[in-house]
Amino acid sequence: MLEACHRYFHDAARVLGLSEEVMEILITPRRVVKVELIIEGDEGHRYHHRGFRVQHNDSRGPFKGGLRYHPSMDEEHAAALANLMTWKTAVVDIPFGGAKGGIDCDPQQMSRTELDTLTRAFVDQMKEVIGPTLDIPAPDVNTNAEVMGWIMDQYSHSYGFSPAVVTGKPEHLFGSVGRDEATGRGVMYATREALKSQDRSLSDVTVALQGFGNVGSHAARLMSEQGARILAVGDHRGGVENPAGLDVPALVTWQNHVRRDPESF
Amino acid sequence: MLEACHRYFHDAARVLGLSEEVMEILITPRRVVKVELIIEGDEGHRYHHRGFRVQHNDSRGPFKGGLRYHPSMDEEHAAALANLMTWKTAVVDIPFGGAKGGIDCDPQQMSRTELDTLTRAFVDQMKEVIGPTLDIPAPDVNTNAEVMGWIMDQYSHSYGFSPAVVTGKPEHLFGSVGRDEATGRGVMYATREALKSQDRSLSDVTVALQGFGNVGSHAARLMSEQGARILAVGDHRGGVENPAGLDVPALVTWQNHVRRDPESF
Amino acid sequence: MLEACHRYFHDAARVLGLSEEVMEILITPRRVVKVELIIEGDEGHRYHHRGFRVQHNDSRGPFKGGLRYHPSMDEEHAAALANLMTWKTAVVDIPFGGAKGGIDCDPQQMSRTELDTLTRAFVDQMKEVIGPTLDIPAPDVNTNAEVMGWIMDQYSHSYGFSPAVVTGKPEHLFGSVGRDEATGRGVMYATREALKSQDRSLSDVTVALQGFGNVGSHAARLMSEQGARILAVGDHRGGVENPAGLDVPALVTWQNHVRRDPESF
Amino acid sequence: MLEACHRYFHDAARVLGLSEEVMEILITPRRVVKVELIIEGDEGHRYHHRGFRVQHNDSRGPFKGGLRYHPSMDEEHAAALANLMTWKTAVVDIPFGGAKGGIDCDPQQMSRTELDTLTRAFVDQMKEVIGPTLDIPAPDVNTNAEVMGWIMDQYSHSYGFSPAVVTGKPEHLFGSVGRDEATGRGVMYATREALKSQDRSLSDVTVALQGFGNVGSHAARLMSEQGARILAVGDHRGGVENPAGLDVPALVTWQNHVRRDPESF
Amino acid sequence: MLEACHRYFHDAARVLGLSEEVMEILITPRRVVKVELIIEGDEGHRYHHRGFRVQHNDSRGPFKGGLRYHPSMDEEHAAALANLMTWKTAVVDIPFGGAKGGIDCDPQQMSRTELDTLTRAFVDQMKEVIGPTLDIPAPDVNTNAEVMGWIMDQYSHSYGFSPAVVTGKPEHLFGSVGRDEATGRGVMYATREALKSQDRSLSDVTVALQGFGNVGSHAARLMSEQGARILAVGDHRGGVENPAGLDVPALVTWQNHVRRDPESF
Amino acid sequence: MLEACHRYFHDAARVLGLSEEVMEILITPRRVVKVELIIEGDEGHRYHHRGFRVQHNDSRGPFKGGLRYHPSMDEEHAAALANLMTWKTAVVDIPFGGAKGGIDCDPQQMSRTELDTLTRAFVDQMKEVIGPTLDIPAPDVNTNAEVMGWIMDQYSHSYGFSPAVVTGKPEHLFGSVGRDEATGRGVMYATREALKSQDRSLSDVTVALQGFGNVGSHAARLMSEQGARILAVGDHRGGVENPAGLDVPALVTWQNHVRRDPESF
């Protein structure tokens, strides 16, 4: 991952004619923070985890990027993704920099209470380096609006009412309207624009989606609303297929019975 | 270094009968912060360095430990030294925890202005994680009272007048009286007490000192004031010897013409 | 209680020749704060309690007074005790005013975890009206050093490291040395001085104590160290008696096996 | 009042099938604050009053509700009105909770200077529990834009320039345009919509108004602008009637010579 | 300057029938701050300057006004200009008061690094009396968007990320879009409206401009875009003339090779 | 005054061989603040005054110096006295710099209420540039402990409980014990030491004192307690004389019936 990310960066840097020194400066994160997290689980045993936040670049505005809860999360991983966030916010020209972070835990093995407690421990250790004008986390793999609500609440204990410390909060806790489906809607827009450049439209095409979490399910629904026929969807647990087109709302209803599994910001 | 430090820790932990899990928790630092430092040198070229702060444990009070400027400084190094600080503050029972940090630069190759600028860049990147009730740096290898004054001044820019953010400040900037010679005085006291347990005193012995920086020179002076005969002193640049005893005040006067090179806190 | 307290006040006010209006002003608390506390118990059921803080007078310095956990705690009770604190701090001439508060819960029916959670909920609701220069709680009936530690910790979440927000903290959390036995020591001093005015001393007398919690046990030990013979001690659970004098250290050792039950500040 | 408010609540709660315990939790205010207010009047005599603020519920956003200056103001009164504010802000779905407060004084018996001084004393005692993200007062019976300006000014002494601490400020002190007539305009809208559901309009009806303060006079003017014939208006001082319709602008002009007497938020 | 300003003020005051006492109160600034600025120049010599900030009136909102770097800057000068700012913000009815300030230096004799350092020294000495809700500087003679960026950066060192402390920042540092050309655009608008009152339009007229810095060049471009023929422009270095009309875009391109010299806010 | 002060400074500077440039830097105050003060007097008329604070030098610690209420107070006066404070704090080696300020009012013509109001207006305008770690005022001509209490109270409105913002507070408001008589005691000590160098003592001499305010009366009492015979005392209102020695305690008792008139810090 980090390798791919660095290769793309170096390709671009060479095109721009940047010196080795400037490349090294650009690739190095401004700040890396690693913290120790110890919580007591529901059954009284201890969880011992590591939390990470890599703040890559804030030249264009406060750091911005998701929090990922995954056993494979480590400093190198976070650094590669933080790097990408810097270029992403710059390309779409919003006044933010790039960051990424998370915890090396496996949310599938933890109860909701344990995830709540672990998230709050993470905030207690990271609170000095995040904040509305400093670094604003967002949901990512295995984190969602509820986790953002826990972060906002715990951060507010230390700094007063601070809804602006995270994006992707629940709507009733001052979250943005439409945030939930925003990434999936972006997929639909990107596809529509790509087709437009080929003089085609969504109603002309059939679609197969890899991934049907927060991103994929909204993308499927919105593309199908624009006339696309969704032939197949799948995730790491398997897939469904219907040559006549899937009934997306029915699929989504079924999906809502399953634990949420959102993809990248 | 880290290895030695871990071995001592594990020896002690085994004597106490600690479980593997508790040992891992104790050895893991609470927080590790790495920052990127870029400054413009006197000749217009760029310095690109890394700053480190490992905050090992604050159960007994705010983090406390030195800042070391040395090309070999890295995360592993700082972690080992931070670990030792935790046990050191606990053994002497002062209400502080353990931390350590520094910059991977070579002060011998830098001007005073460049060191000032680099130190202030370090504070700007670290300011959220240090502070009078959070983490209080101190002088260490290649840093001294003047560097602490720069830190206090730069930190005060962000948080208001804060002399309590560092120890080891110059006396006229609210530093403690006697701080300058405190480590050397400790060496003298330790030696005196060790001799006492053998029914001997400092006036009975001859002394050879390895290191004649801030620690060694004060130790030599104070032991010689108590009657000890200082036969030889040396550092990484060479040594001097006199079987009749060295004239320590004369040596110190000569030493003051040389750039300061203080040893550990 | 409130009645007795008001009667003493009016007696004193009449001696001083205060007008009815000034009396009313003096008796009225500056501020009364009542909060709702809802926590989840260990077995999943809900506790619904009321917390109180009556701030009677701060003309001479920040409010000061204990927190009492007792089913009978209510606004009237707290007001009477807060009133007494104002006169108490004035009589001993320390720069503090008078306050009192607590929760209408029965600690004997709650687990340590539940008390911890309830205390933190109380701090979250009261945090804006207490503080190191505003109102400084202390242990009282059914609260102790550990409860003060919870308050300090929870308050510090909101306002940064604040050991000064409570007195009566555990010694290793920056509490005052000797605080634990201070009230009992005061009983001994008062008795000694009273005897002195009769040309007697503690070694001349026999003593019976009503109450053997934090106050009584230290008083007994200290008076016995000064030569007094402790004939009998008792509390709400019963009493022991020995005409030859009780072995106070043995009694205290036995007492330490029992749940702590400290008395007034 | 409190009784009526509780009866409505219990009717609604029973329809929703809430348990007794949940009802008690919902009816109990989160925080009640009572303060003592002593000011010197224009003639040198002392005023001794009580100020109240009942913060009922902030689950949906910061507390919000008016300040009422009336001799009948007490804790019970404020609690009932605070309760209603919670349901009111929820029904119109704005991100605020419910609160209410005031002072047990009679503004008709006080000079403008005395009201100013009393209001500032109230803010000094309440300042820790109100604020732009915590609890935002508004005008109510016997308080108006000028009183809100005093509150904003006094609060800003303690916390810096804070126009957001109150709504209903004078327009030239950062108040909202149209706030003055907003409640009266709401009466007109509600009446218009009610008539619409009966296939009628304001130009079809004649109107009699009970109350002609800030609410009634704007409602009369706006309804008359929409074609309604205002037959009669009255307040606690008497009434006027004209079967041919009153000249509302003339009445308002006359009203402006009289001391303002605004009604509920 | 001050004289002219006072004369206009007195003329207006006499029309309004203000008393001598009220006039004196209105003319006197609320606060005058003078600071000493000492910096080291590029060649090692010292610059010793005076900085000024006159805060004339903030009854209608935070102080607002430019910073001027000019050898003739002194307290009297700043006071006259601050006075004018009060009337200017009132006339256009924006919620700000009036202020003005600057440094008695000659930017033409200083390097960009020296100006940066001097500006930051000014902020360090003035930081307590400026701020987003207190006093918000703007560019003026010899200061521009880059200088505002230095101010924002230095102020943020002390008070956290504070883009709102100045207006006229660079767009990529959160400055307002269109701010750069706003004063010139105002000249065009004012001219257009003046012509309209004479039943003429910009396409009917020829224009000669005195001054072709930030104000004049944008005014010329915008008036020429609306059809005006720009016959002549000139500044303190000379002028150009073309009876057929100047090619304004070409002139501006040439101008951009020259050091920027913006005029008044 | 300013002239004398400058002459002494230049004499000393020439002895030290300082350059003209360094002299100018040392003589220039770091910051001068002038504010407009408008209050309503007891009879409804307006007072329009100027307040001053000259902060001369804070290299050695926070600014420190008195506040003087006198019709002759102006910027030049304050600057001269601030200058002297810098050298005074340096000579006695306390970690403070030098400042001075005051108001150009005549306290003899004002009521106690008017002085209270004027002092609070001064604090409101100066609050950003004074503070416990920034600039700490003290009593001076025509100001006393009560005025310091007003300052502490008004400053605390804006910044929370801040007894450290002034010295010379009343003892019961956290003032230092002995502060009241400290300046007079200093006169006695200085006289005693001067006599000692001539092998004489206070019991050998007779004394005449010019000034019998806060300084003179304490000096007279303390010198007479050490055996000196006080022959004569006088102030601007006249004098008394007794060749046999005055009864100082009787004089002081008489003095206490007169309005206080303290001299310099």
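The letters A, B, C, D, E and F name the chains in turn, as written, and every chain counts its residues from 1.
Quick note on the criterion: a contact is a pair of C-beta atoms (placed from the backbone, for glycine too) under 8 Å apart; a residue touches a chain by one contact, two chains touch by 3 or more.
Keep in mind that what you see is a predicted model, and the values were worked out from it rather than measured.
Student: What are the chains that subunit C and subunit F both touch?
Tutor: B, D
Student: Could you check if the interface between copies subunit C and subunit D is built from the same residues on both sides, meaning over half shared, or from different ones?
Tutor: same
Student: Assuming a repeat means more than half of the contact pairs shared by residue number, which candidate in C-D, C-F or D-F repeats A-B?
Tutor: Having compared contact pairs by residue number, the answer is C-D.
Student: For subunit C versus subunit E, what separation do you get between their C-alpha means, in angstrom?
Tutor: Averaging C-alpha atoms per chain gives centres 63 Å apart.
Student: Roughly how many whole angstrom separate the Cα centroids of subunit E and subunit F?
Tutor: Taking the average C-alpha coordinate of subunit E and of subunit F, the gap between them is 42 Å.
Student: Can you work out the whole-Å distance between the CA centroids of subunit A and subunit E?
Tutor: Taking the mean C-alpha position of each chain, the two centres sit 45 Å apart.
Student: Two or more other chains touching the same residue: where does that happen in subunit F?
Tutor: Within subunit F, residues 134, 160 contact more than one other chain.
Student: If I apply the definition of touch given earlier, which pairs of chains qualify?
Tutor: Pairs flagged as touching, ordered by label: A-B, A-C, A-D, A-E, B-C, B-E, B-F, C-D, C-F, D-E, D-F, E-F.
Student: State the interface residues of subunit A toward subunit D in the complex, per the touch definition above.
Tutor: Going through subunit A, the ones touching subunit D are 160-161, 172, 174.
Student: Would you pull the subunit C residues touching subunit D in the complex into a rising list?
Tutor: Touching subunit D: residues 21, 24-25, 28-36, 38, 46, 48, 50, 125, 128-129, 134 of subunit C.
Student: Which of the residues in subunit B come into contact with subunit E in the complex?
Tutor: So the residues of subunit B in touch with subunit E come to 124, 157-158, 160.
Student: What residues on subunit A touch subunit E, complex-wise?
Tutor: By the definition above, subunit A touches subunit E via 60-62, 95, 133-134.
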